[in-house]
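Order of writing sets the chain letters: A, B, C and D. Residues in each chain are counted from 1.
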Amino acid sequence: MIGSGAEHERSAEEVGRLLAERGCTVVTGGLGEVMAAAARGAKAAGGTTIGILPGERAEHANEWVDHVVVTGIGHARNLAVVASGAAVVAVGGSWGTLAEIAFARRLGRPVVILQPGWKLEGDGIAHAASPEEAVELALADLG
Amino acid sequence: MIGSGAEHERSAEEVGRLLAERGCTVVTGGLGEVMAAAARGAKAAGGTTIGILPGERAEHANEWVDHVVVTGIGHARNLAVVASGAAVVAVGGSWGTLAEIAFARRLGRPVVILQPGWKLEGDGIAHAASPEEAVELALADLG
Amino acid sequence: MIGSGAEHERSAEEVGRLLAERGCTVVTGGLGEVMAAAARGAKAAGGTTIGILPGERAEHANEWVDHVVVTGIGHARNLAVVASGAAVVAVGGSWGTLAEIAFARRLGRPVVILQPGWKLEGDGIAHAASPEEAVELALADLG
Amino acid sequence: MIGSGAEHERSAEEVGRLLAERGCTVVTGGLGEVMAAAARGAKAAGGTTIGILPGERAEHANEWVDHVVVTGIGHARNLAVVASGAAVVAVGGSWGTLAEIAFARRLGRPVVILQPGWKLEGDGIAHAASPEEAVELALADLG
């Protein structure tokens, strides 16, 4: 789950919850806002969460991350976040999220963009109108 | 200069030439196609070129790169390519180029997209219809 | 747990087992040999394992990794491996292991080198004669 | 040229000067102390210098760097510094320098350690008693 924007936290939490209910481990960038919301949702549903941090200190992870990965490589950790997922759901998001969407496609990972979000078309990119649809599409991509 | 696509080599070479004529050092990803074309154009105009490679071997740089930087970090080197430029000109390009555009904006670097290319709108992104216009816009961004 | 060298697999498996018995999550580079042995030992003791891969494909992780992190950044993932651990135990190992020991100390993580291994002295580096002693020293470092 | 430690600046400057006199481009980590001293020495001899920075801002490079590479990947840029050199000379240095020596050997780059410095033995590692000897050994390694 990638993304940013405080106004999208409710959607992110719902995406996290639904992914966990379907048995998925939820991987995020490990920091605050939608990353924390997605992890919180996943934990509420009894799921497992991984947070892949840009900095050098595990303490910066939000409290809903079960397994903290500390990369020390700054924005380049965006590559690791999407590479570590089988499919990617984008919620809201700014430039960092766009870089993640692009890297996900570069590596062949399917991407679902929950609207409102980046208006991006391309092979392997789907758009969803609700958290439910986003999770359905992401899981469908995985066969 | 970032981008990809063999059909854009002529434009990339022209962008490289014009940047060098204006006294700019041309930084690219150091490999083939438009990266090589941009470096070739810059060298034809007596410019200086830097190639920032994803792999671990300097021999993979194209022959028009003066200074080869070997990063060993794969696609994460896209971050270094745009971070090392004062402004970014995108010629053609696929997902890797989109990741670079996004990282450039994440870091506050101005981006000029030479059309045809990514149809992306946003703060700090300009579109150009010709190599001349692309270089003018990029230099204008630098004051 | 870091290291390499097929002759050290038995020690690595024992270190993995002991760490898991003490409730530690075992983080490794996720590939074969001692990395696989440490994860195998941890799983045998009912522990949890994380593998932080250098490449772009999750399939390259060994079968005892519970949570695969795919970084795509090559040898630079060595930084992430040690940054993600609270303490580092080195078993055997060649140059890549030495880079990890150095990065661990650069980031302030305590390091225990199980002998035979790198003959390195320095602040925050301890040497152990057995897997048991290595795990004791690593846990002692964590207070 | 890698290393650290203010007390080694005079040696580093001499190494930079000698490398430039022999026609080598001097690559460093681009920051202060011995990195700045080596670049300053190289410029005094009319050489060319490259600085590969860990952060996201070109302004952090020292004033003797001709070509600034901004990586944004923190300590992982140590990999890029040594990968970008044909041979590596280490002057002084602490843990970061040791990580660079290890990465250099991991990638097959020859390393010369100017004493006093890391007491490290291994294939492809030479020790020098003076800047002159260090540069001679580094160039000899390149055939």
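We take it that a contact is a pair of C-beta atoms (placed from the backbone, for glycine too) under 8 Å apart; a residue touches a chain by one contact, two chains touch by 3 or more.
Treat the numbers as computed from the prediction; the structure is a model and nothing was measured.
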Message: Under the document's definition of touching, what chains do chain B and chain C have as common neighbours?
response: A, D
Task: Go through A-D and B-D and name the pair with more C-beta contacts between its chains.
output: B-D
Message: As a test of understanding: of all chains, whose mean C-alpha position lies farthest from that of chain B?
response: C
Query: How many angstrom lie between the CA centroids of chain B and chain D, rounded to a whole number?
result: 28
Message: Using Cα averages as centroids, what's the distance between chain A and chain D in whole Å?
response: 39
- line: Residue ranges of chain A touching at least 2 other chains are 56, 72-76, 79, 107
Statement: Within the complex, chain D is touched by chain B residues 25, 48, 50, 52, 56, 58, 67-73, 76, 79-80, 83-84, 86, 107
Field: Residues of chain C defined as touching chain D within the complex
entry: 73-76, 79, 94-96, 98-99, 101-103, 105-107, 122
Parts of chain B lying in touch with chain C, wherever the complex brings them together: 56, 72-76
